[in-house]
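So that you can tell them apart, the chains are marked A, B, C and D in the order they are listed, and the count of residues begins at 1 in each.
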Amino acid sequence: MTTPARPALQVKNVSLSFKGVKAISDLSFQVEAREICALIGPNGAGKSSLLNILNGVYVPDAGDIIFEGEHFRRMEPLEAARRGIGRGFQNNALFSGMSVIDNVITGLSRHSRLTLVEEMFRLPRARNEERRFRERAHEVLRLFGLDRHAATIVGTLPYGVQKKVELARAVVAEPRLVLLDEPLAGMNAAEKQEIATVIGRLNRDLGLTIVLIEHDIGIVLELAHHVVVLDYGRKLADGPPETIRDNPDVIAAYLGSERTEIAA
Amino acid sequence: MSMFLETLIGGLLAGTMYSLVAIGFVLIYKASGVFNYAQGSILLFGALTFVSLTGQGVPAPVAIAITIALLVLMAIAIEKLLLRPLTNRSPMTLFMATLGLSYLIEAVAQGIMGSQVRALDLGIDDLPIFVGDIMISQFDLIAAGVALALGIGLSLLFNRTRIGIQLRGVADDTRAALSLGIDINRIWQIVWAVAGVVGLVAGLLWGARQGVQFSLSLVVLKALPVLIIGGFTSIAGAIVGGLVVGAGESLAETYLGPFLGGGITPWFAYALALVFLFIRPAGLFGERQIERV
Amino acid sequence: MKRLLLAALLAGTVFSGATVTRAADVSQYIPLPTYRVGAYASSGELWWAGERDYFRYINEVEGGVEGVKLNYEEFETEWSPDRTVEVYERVKAGKDGSPLAFFFTHGTPATYALLEKAAADKIPLIDPAGGKTETVDGTVFPYAFPLLFSYYSQASTGINYIASKVGGFDKLKGLKIATVYHDSAYGRASQPAIDVLAKKYGFENIQIPVADPGNEQSPQWRQIRETKPDWVFLRTWGVSTVVAIKTAQRFGFPADHIIGDVWAGSESDVIPAGKAAIGYSALAPYPGGTDFDIHKRLKAEILDKGKSDLRDQKLFGAVNYNVGLVNAALAVEALRTGYKHFGARPLNGEEGRWAFEHLTIDDARLKQIGFEGLLQPIKITPTDHEGGGAARIQSWDGEKWVLQTDWIKADHDLLNPLIKEGAAAYAKEHGITPRTPDTETN
Amino acid sequence: MSEIDLRIAAPVNGSAALRAAGLAAGTILILAAPLLASEYWINAIIVPFLILSLAGLGLNLLTGYAGQLSLGAGAFMMVGAYATFSLQLRVPDLPLPLALIVSGLIAASVGLAFGIPSTRIKGFYLIVSTLAAQFFFEWLFLKFPWFYDGNSSATISLPRGLTVFGLNAETPHGRYYLTLGAVALLTLLSFNLVRSQTGRNWMAIRDMDTAAAVIGVPVTRAKLQAFAISSFILGVSGALWAFAYLGSASVQSFGLSRSYQILFIIIIGGLGTIRGAYLGAAFVSLLPLALDWLFQHLFSGHVDAGLLQNIQKGIFGLLIMWFLVKEPEGLARLLGIRLAARRRLFPSSQN
């Protein structure tokens, strides 16, 4: 690859606490452009909370976020989306009252430049934006094999399929960085493999930078270029997958035996 | 200065009458997540039944017992026929179901007991007592006592007794409580029955103040701002909310009213509630769900 | 259950307006928009009983009016103006061959809503002791009849009564008269009149609003205790009247210095107030009680024969029952005037208007129909659709209303310019050219 | 209100020709209605039904689509009516349709203002801001005579009656076409809006507003738009209710019971659907009359009138509860299921 561009995302000394309970303490790491970075760690390690900080849902007590060179003390949800940060959620936050295709098109809302009047009178500009959005959405649905469910109300679909819809919604707006919270949870083995390859292809073909929370170490090792291990809100390890696999602290954290001193 | 104190105290005491009505709403919302629009009609039904019975010479204690029995039966019927088929429906659907319920209860009440206005004398004559030159209404004082006693009694029920703990479990998470084997249906019946009795107490006090007639069910309008300020899920909130709204209305009508032409109490209560909500978006005592995504 | 419902809906579409004219003698159709459900049912129930009992008495004992039977029919409206408008649209074409000679609105909001519709359809709106005050001027409002007692007359009669109690109009100077009014169009309707009266007699006029529903009035009565008025008018209705009387007692204001208006002077306004209401008096264009001749006749012919619409016989003679009686009598006497002129057959709207505009009931006639003391002598003319403008005063002694005075007339020379001015403004705004009644022929 | 409601979208396929024919026949019937139905039906049933549907449509955008609870429909209708009255009185040469649009805009800005708390308050507590509006305007339009030009009855009625571009619309036909025109236009605009990005944004906010914000839905702007557009439609329907139906109106015509009625219409009719408002309005206007007519014919004379009315009210309450238990999603879904069921039974009828 050409000389690596500046890192897509830098997290500097970020801390977060809920009424005194330390969720994240003094965490720093960075994600290179066009890489898949996996966040792993036991439940309650602060993984989802970190994503919520990046998306502006939570406000960190301290620390700095640098995204594409710009510094953010705190991120606003709308601001994050406008800057091209896509998001998949842990317990899939789909819009249950809407169809699959509508859920995915809603992911494109930040690209919409229509005014109310154009929409009300279905002026030409509105009609072709609508057509463009619909085509883009169908294209992404086909990518995830969801086209036949397009008109179905999301609430009626099985959990695994819903996860795919959420993934589709996260990537439909060509984000510059995608944050995925356990995208493969609740899927059977075949589906897991199918979606893992799609994520891999999105990264390779479109150069999409992905931050991924995943428990299945096999998938992590197969997909991730870079792994960050969290435990009780602190960074345990940070490096390529191979070094992480045989890092004693990581194994201890996972297997729960007494932990050696945490690497600075 | 005594004018201010009197207005303040008078307002606080009047506020307790609003709390009485609000407590009925809190009980049902807390346990079953239903904003019970029919609470006003239940209040009317209780007062009307009591007055009709005493009107036919039934001694007061017996009349009270019969009325409470009827309210308990009504609570069971409501739970069986309405709440059970509508479990975990959206709050809007439940709210509207209670609207239908209020039509039914009002129709039964007026159909059977007639629509004539009846006097209700609780033996408390509404003569003022003076503390220094501050005039305090004897009636409101007693009403405040009743509201306080009810508040304490119910919070004891909620926190100390076994049923109380189950009640709070149901209120917290119906499905979780169900999975623990708590008999949800019985709990809801108990809650609606207790709310009915609280409604009866409020109905008797309000009835003694304005006569037992159909517009007794309008007293619900006074409870809404109280619930919003105090939070829908706490009895202490209902009492504090009542005090705030009562005092706020009384002071506003006396001091702010003249500049705005008077009669400002209805919208002032909601403006007050709006200010409180901006500070605490789920009411003073209501829990604010943490956004888990 | 669904089939029954669909059948009901379908049936609803069929009944629309097929009027079948029966060959038998045609009777005068009188629709009654009533309310027997909801907050106002307590007063409404007795009103309709009064009307139906009198109409039944006319039909069965006097064989109708000049031989024409009355075909009265009830429609539920829950006192809401839009349901009354719907009933009006349904009945305005008449029924069984009889057109509408007039339409009882049974509520001031309904009168406002129907004012223009009825004028266009040429059907007189009858709203005794209510209605829009400007409609007293018949030249601008030919089809609106606020009979007996307008809101302005209420203020004037009230002041005349106070003057009689304090020993003369000159004694009014310097007095403080407070009005506690329900903060609605109804509550504010007599303010223009009392302002003029205050200027003329030099008393201080204090207006104190009570927000709906008015079940908490300490701030208002604390203000009264501070300002210490000599007399208080109650322009309230329903719950706000009861709470006003009780709060007055609590703040130590004597009940015998409080005067209630027409719609704050029935049994249901005082019974709930208990002992606090003893001594409270009210303006009564409709006096309470049964010691009137018509009540004796009704007792014998209707009540004792179990033909009364009253659910509870004890309420025979209640103020609201007498309201129904008096309104029914006004309608019957107007129809009688019309039948004598146009012939004994159902009248239409225009003939009804003529009949009401030539309705005169003097003392002799009152004795004949047994309404002496219950109904004031009345003379309606094309320019004066009130025709009476007087009321008696009755006080509550804890058990019943006791009549204190005979008919006290309002000061019409003072009020008429006020009414004319309001009517002229309405005419200008709505582009109506006032009619000149003396040039009309029929 | 973000629990998952299971909505089976009744697949409306069927041949295009069949549907086009149905649509054409429908339009002809609607346009020719004044000639067929009696004056009573037009004035007393169809015109109020259309206006209530329009009000329901307006509130459904805010509560059914955008999920923002409101008990202030009456207040925004009131603002529309009083604005139209002031415009017709003080700007005489402004034709009525333009006055309706300007009044709608005024109501929209008021709705926007009372929508601001929605950016911070969620769920049931939000009813406080619309209730504040409801009681504030009930007080405001009564306390200051300027709003009703000082007449003693505090009522408003159009100075020169209902005139649209000069021609007199006081006749039943005039009222009908004026109302129909407004309702048809605003329904079409709303239909397009809910099918567009704004509609999807609203539904996203209704179902899970935090997720909506994160994926780029402009939540604050969309909520305020919902309040504004909803209030625009409510304002126009308020003006029509006052002048095209009642003739003259006052603060009482738009009280809290009106807000309850409109909320009731969209819940019984079907939240988050365009046709829901119409079905709900039909339920509210036709059913009481049908019950009244049925009882008048079955029992009148034998049963005490008071008892009769109370029984009717009780049955109406029972029907509400029965409908909600049978189909919590409202009549729109009930109808949807019926249509889908019939299509399954007669698949051949489709082509």
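Everything that follows uses one rule, which is that contacts are C-beta pairs under 8 Å (C-beta built on N, C-alpha and C of every residue); 3 or more make two chains touch, one makes a residue touch a chain.
The structure displayed is predicted, hence computed values, not measured ones.
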Label of the chain whose CA centroid is most distant from the centroid of chain D: A
Central subunit by CA centre of mass proxy: D
Whole-Å gap separating chain B and chain D, where each centre is the average of the chain's CA atoms: 31
Mean-CA-position distance for chain B and chain A (Å): 48
Separation of mean Cα positions, chain C and chain A [Å, integer]: 73
Separation of chain A from chain D, taking each centre as the mean of its C-alpha atoms, in whole Å: 42
Of all residues in chain D, the ones touching two or more other chains: 3, 5, 139, 143, 208, 210-211, 214, 306, 310, 312-313, 319
Per-residue overlap in chain C, given as positions that touch at least 2 other chains: 36-37, 41, 45, 183, 211, 311
Contacts with 2+ other chains: residues of chain A: 57, 89, 93
Interface residues, chain B side, partner chain C - complex: 3, 6-7, 10-11, 14, 17, 107, 110, 114-121, 125-128, 135, 137, 139, 206, 209-215, 218-219, 221-222, 249-250, 253-254, 257, 261-266
Chain D residues within the chain A interface of the complex: 2-9, 11, 189, 192-193, 196-198, 200-201, 203-204, 206-208, 210-219, 225, 229, 272
Chain C-touching residues of chain D, taken from the complex the two chains share: 37-41, 43-45, 48, 89, 139, 142-143, 149, 151-155, 157, 159-161, 170, 245-253, 286-287, 289-294, 304-306, 309-310, 312-313, 319, 322
Chain A residues touching chain D - in the complex, by the definition given at the top: 55-57, 77-78, 80-82, 86-87, 89, 93-99, 102, 105-110, 112, 114, 116, 119-122, 126, 129-130, 133, 151-153, 155-156, 169-170, 173
Touching residues on chain D, where the partner in the complex is chain B: 1, 3, 5, 63, 69, 117, 120-122, 124-125, 127-129, 131-132, 135-136, 138-139, 143-144, 208, 210-211, 214, 256, 260, 263-264, 267-268, 271, 306-307, 310-314, 316-321, 324-325, 328
